[in-house]
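Read through the structures below before going on.
Shared between the two complexes below is chain A, which has chain B as its partner in the first and chain C in the second.
Our next item is the complex of A and B:
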């Protein structure tokens, strides 16, 4: 059976003030039916651009998909070749998305009720009492204690955690087969973050829905995902089962991301910074894009652009030393 | 750090906000953001104030540096009372204390270059002539890990982490002794968070700073703080040395914060049931433990009388009848 979502050799570039920036460079990623895949990387690595491309939500004036295919569903239709009208039937119905900042994702001048009912009206043609009953059920499902009152509220009357629950309810309204969650808990408190993530995990399992989770925090991804892909400077540098990638990472960048996490209770361990900044991918030329920041880089890392190779333990890794002798740190 | 010279002291700080009149002109009940906060910080010490949104931690930060007056209670910095609105005292104290915020773009003027922003503060606070101020600004940029070339660049030309470096440099331009950092890491990537945290640790030593570090994330405090105070609904629930408090939290709220911090670390495991409880309950109606409606071990005695923090030895204090054994009848 083909995967539910199959991104193949995706290339996206942006034209900013006459310059072309290669945000995503031949990225391939699959998400299986009911699978949870984490996409990790620092700001500017191209993870959000990749997922926005799936829904074709890139800024029209500046963003361009210059290559690749994004196939979805049992018949593997190419989303990039679909007319806009048909794409509208997929967005929110078969694939939906939850964003980082629930305040900007919700319309401040409409009540939650009208925003929730709109989803039903557009995708299902439901109105009035039918839509109302369905949205009350949905709000209860995402753990809102008083769905009737919450429905009547405006977004600003709700806390950050509540807003994210309402947004999640809207995303789940049409029982999508794939949910894309872009940093869904980054703007939230640690304790609320824990609650929203367990809710997401719960909903995903209950509906056997596929989940593509985007985060800069490997810890968050590790708690939820089956498989993880790590992006750096527009390309995937390591990909594989969470149980293996996070336990025995092969790419120095994955290791660095793990070491940047705080280790509570370890007397102040962890939180090792990664010095330097992310370069513009393609402009780096024929070398490993992480080499300038890498602590174990050799001369060969600066001489050629490494390809993704099979890694021991499953998955792929774009690092010659990392694949050759994996456990060396 | 105990036994050092006290540099900052908050005593019984209360802050009430009167919400705007209701739609039909009905007056509303005041909202108590801080409810009797006592906190003292010794010279050279780093104290972390931890709590979730709405706990009052940012209100405390603003009151601590005199940006807002408390409704009652007092703030003393270096022995000078800054609370009563004595403008001259406040201005003198301002030179010795600074604050940095979560969102660096919001606190930088987009039309002033990084260097000019620093030079201006140096001219005003250190009364330095123009040229000396510029040299000092370049020096500061370098000390926060930026280059002298960055002097001429505007805030939008920097990344989020770099902007936070500029905000930190600007706070240091006034040569403060006491720095309040209000969620300085929250808007940043994990890898950049580590950079900024290490920068703060280094600068703390270089500039002999005393630091009040405010965060919602207990996971990061052990790397920087000597002592931690946990704030919940305007009251300090637990206070103690950072390592001890993280390893053996006494208050059920601190326990929940520690659980949330450990949860999403590699090897921390999947979400657990006790954190997945659907919604947070409403605030408590009256006196008593503010955490009671959410507390898994609450007893009838926890509502009613106000619960004061009790010294449990080893520099620890906790405001919980269950944790201190006060609930067992004598």
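Our next item is the complex of A and C:
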């Protein structure tokens, strides 16, 4: 049986002021039915671009998908080849998305009711009382204590956590088979974060829905995901089961990300920042893209672009074998 | 004065303007009940050039017609033309600006260049040319005023839409499968309503002023139908010995246009949180 979502060799570039930026470079990633896959990496590494490509929501004037295929569903239709009209039947119905900023992702001049009911009207053809009843059930399901009153509210009357719940309800309205959550908790404070995450995991299990979770927070991914893919400078550098990748990371970048996490009780002392910045995707030469920032880079890292190789413990890693296996110079 | 005081004074002016407009609209609507004389009835035998009196509160003109009655009936014409022409130009401007701002591309270039060209013409000259081409009528006036007044609104709406289309809730709407027309009309346009209402209000005042100018020049409302502009024209030769003929319709234009501007400004301040008077 094919995976639910199969991204193969995706390439995305942006035209910015006459220059071409390669934001995503031959990324392949699969999400199985009911599977939770985490996608991690620093800001600007191409996580969001990859997921926006799945729904074909890249900025129309600048962003271009230049190669690859994104297959979805049992018959593996290529989303990139679908007419826009067909694509709109998939968006919000079979694949939904939750965004980072709950404060701005709801229309400020419409009530939650009209925004929720609109999803039902569009994809299910439900109106009036049917849509109303369904949306009240849905708001209750995402843990809103007073669904009737919340439905009638305008977004500015709700807190960030409540808004994220409403957005999640809108995304779940049509029981999608895949939910893409792009940093769903980044804009929320810590206690609300934990509640939204447990809600997300709860809903995912109950509906056996696949979840593609984008985050720069390895803790969040470790708690929810079955598998994790680490992106750096537009390509996947390590991918495998969460239990293995986050416990015994093989790629120096994954290790650096883990070392950059705060250690509880260490008073910030355990955190090691990664020096330098993500390259801007203009000069992708024949070398390891992480090498300039890598603490264990060798001369051969600057001479050839490493390929994804099988890693011990399962999955893939884009590093030369000596470095990957932790041999020091 | 503290900012709150200024704010209060400002909103009081806007409220006063609103009330004055309301009174004016009611007075024009109920003109037959309020006016003592038929506005077109002439009294050539001894009734001409009568100064303001109890029987003729604002005097009579060279045909002996009652100025007060003519101002109320003329108000019907001016307000109706102002309202319908502004509605037309604001609708056109909103559609043009929203299309340009949301879909961008070649259409945007074409629409905005048309706006630039039309704005480069002096509006009154353009109107004179258009009105002179056809037989003057009220419908023609409304259409012509509507067609020459939409550019400002188009610019405002395009600017708003350009920034709104990049907001996250638009991306979220697209991710839910909403198609472009739905996003534009249901999700973007309600967010532009504030500036559009302001533009519409200011546009009514401006249109009344232009209509008065056209009628003054004899190309607007045709006699014997009363219109503020043509009444001023009628009175201009008699200004030295019968000042009331031109003065009162002139005051009517002044007060009406000022009230619409006050209300428009007040609403702009109310809609714009950044504004500090």
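Methods note: the second predicted complex is superposed on the first by the 315 of 329 C-alpha atoms of A that agree within 3 Å, B and C clash if a C-alpha of one lies under 4 Å from a C-alpha of the other, contacts with A are read in each partner's own complex, and residues count from 1 in each chain.
The definition used in the following text is that contacts are C-beta pairs under 8 Å (C-beta built on N, C-alpha and C of every residue); 3 or more make two chains touch, one makes a residue touch a chain.
Since the model is a prediction, treat every value here as computed from it, not as a measurement.
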item	value
Clash or fit, chain B versus chain C on superposed chain A	fit
Partner chain in contact with A:145 - chain B first, chain C second, else both or neither	first
More chain A residues in contact - chain B or chain C	B
Which superposed partner A:55 touches (first chain B, second chain C, both, neither)	second
Chain B versus chain C as contact partner of A:195, first or second or both or neither	first
Which of chain B and chain C A:258 touches, first, second, both or neither	first
First (chain B), second (chain C), both or neither touched by A:216	first
Which superposed partner A:295 touches (first chain B, second chain C, both, neither)	neither
Minimum C-alpha separation between chain B and chain C after superposing on chain A, in Å	13
Residues of chain A that lie at the interface with chain B and also at the interface with chain C	none
Touching residues on chain A, where the partner in the complex is chain C	55, 57, 61, 88-93, 96-97, 99, 101, 104-110, 118-119, 122-123, 167, 170-171
Touch list for chain C against partner chain A, complex	104, 167-169, 171-179, 182, 186-187, 190-191, 193
Residue ranges of chain B touching chain A (in the complex, touch as defined)	52-54, 159-160, 189-195, 197-198, 216-220, 222-224, 243, 246-247, 256-266, 268-272, 275-280
Chain B partner contacts - residues on chain A that touch it in the complex	42-44, 143-145, 159-162, 189-195, 197-199, 201-202, 216-220, 222-224, 246-247, 256-258, 260-268, 270-275, 277
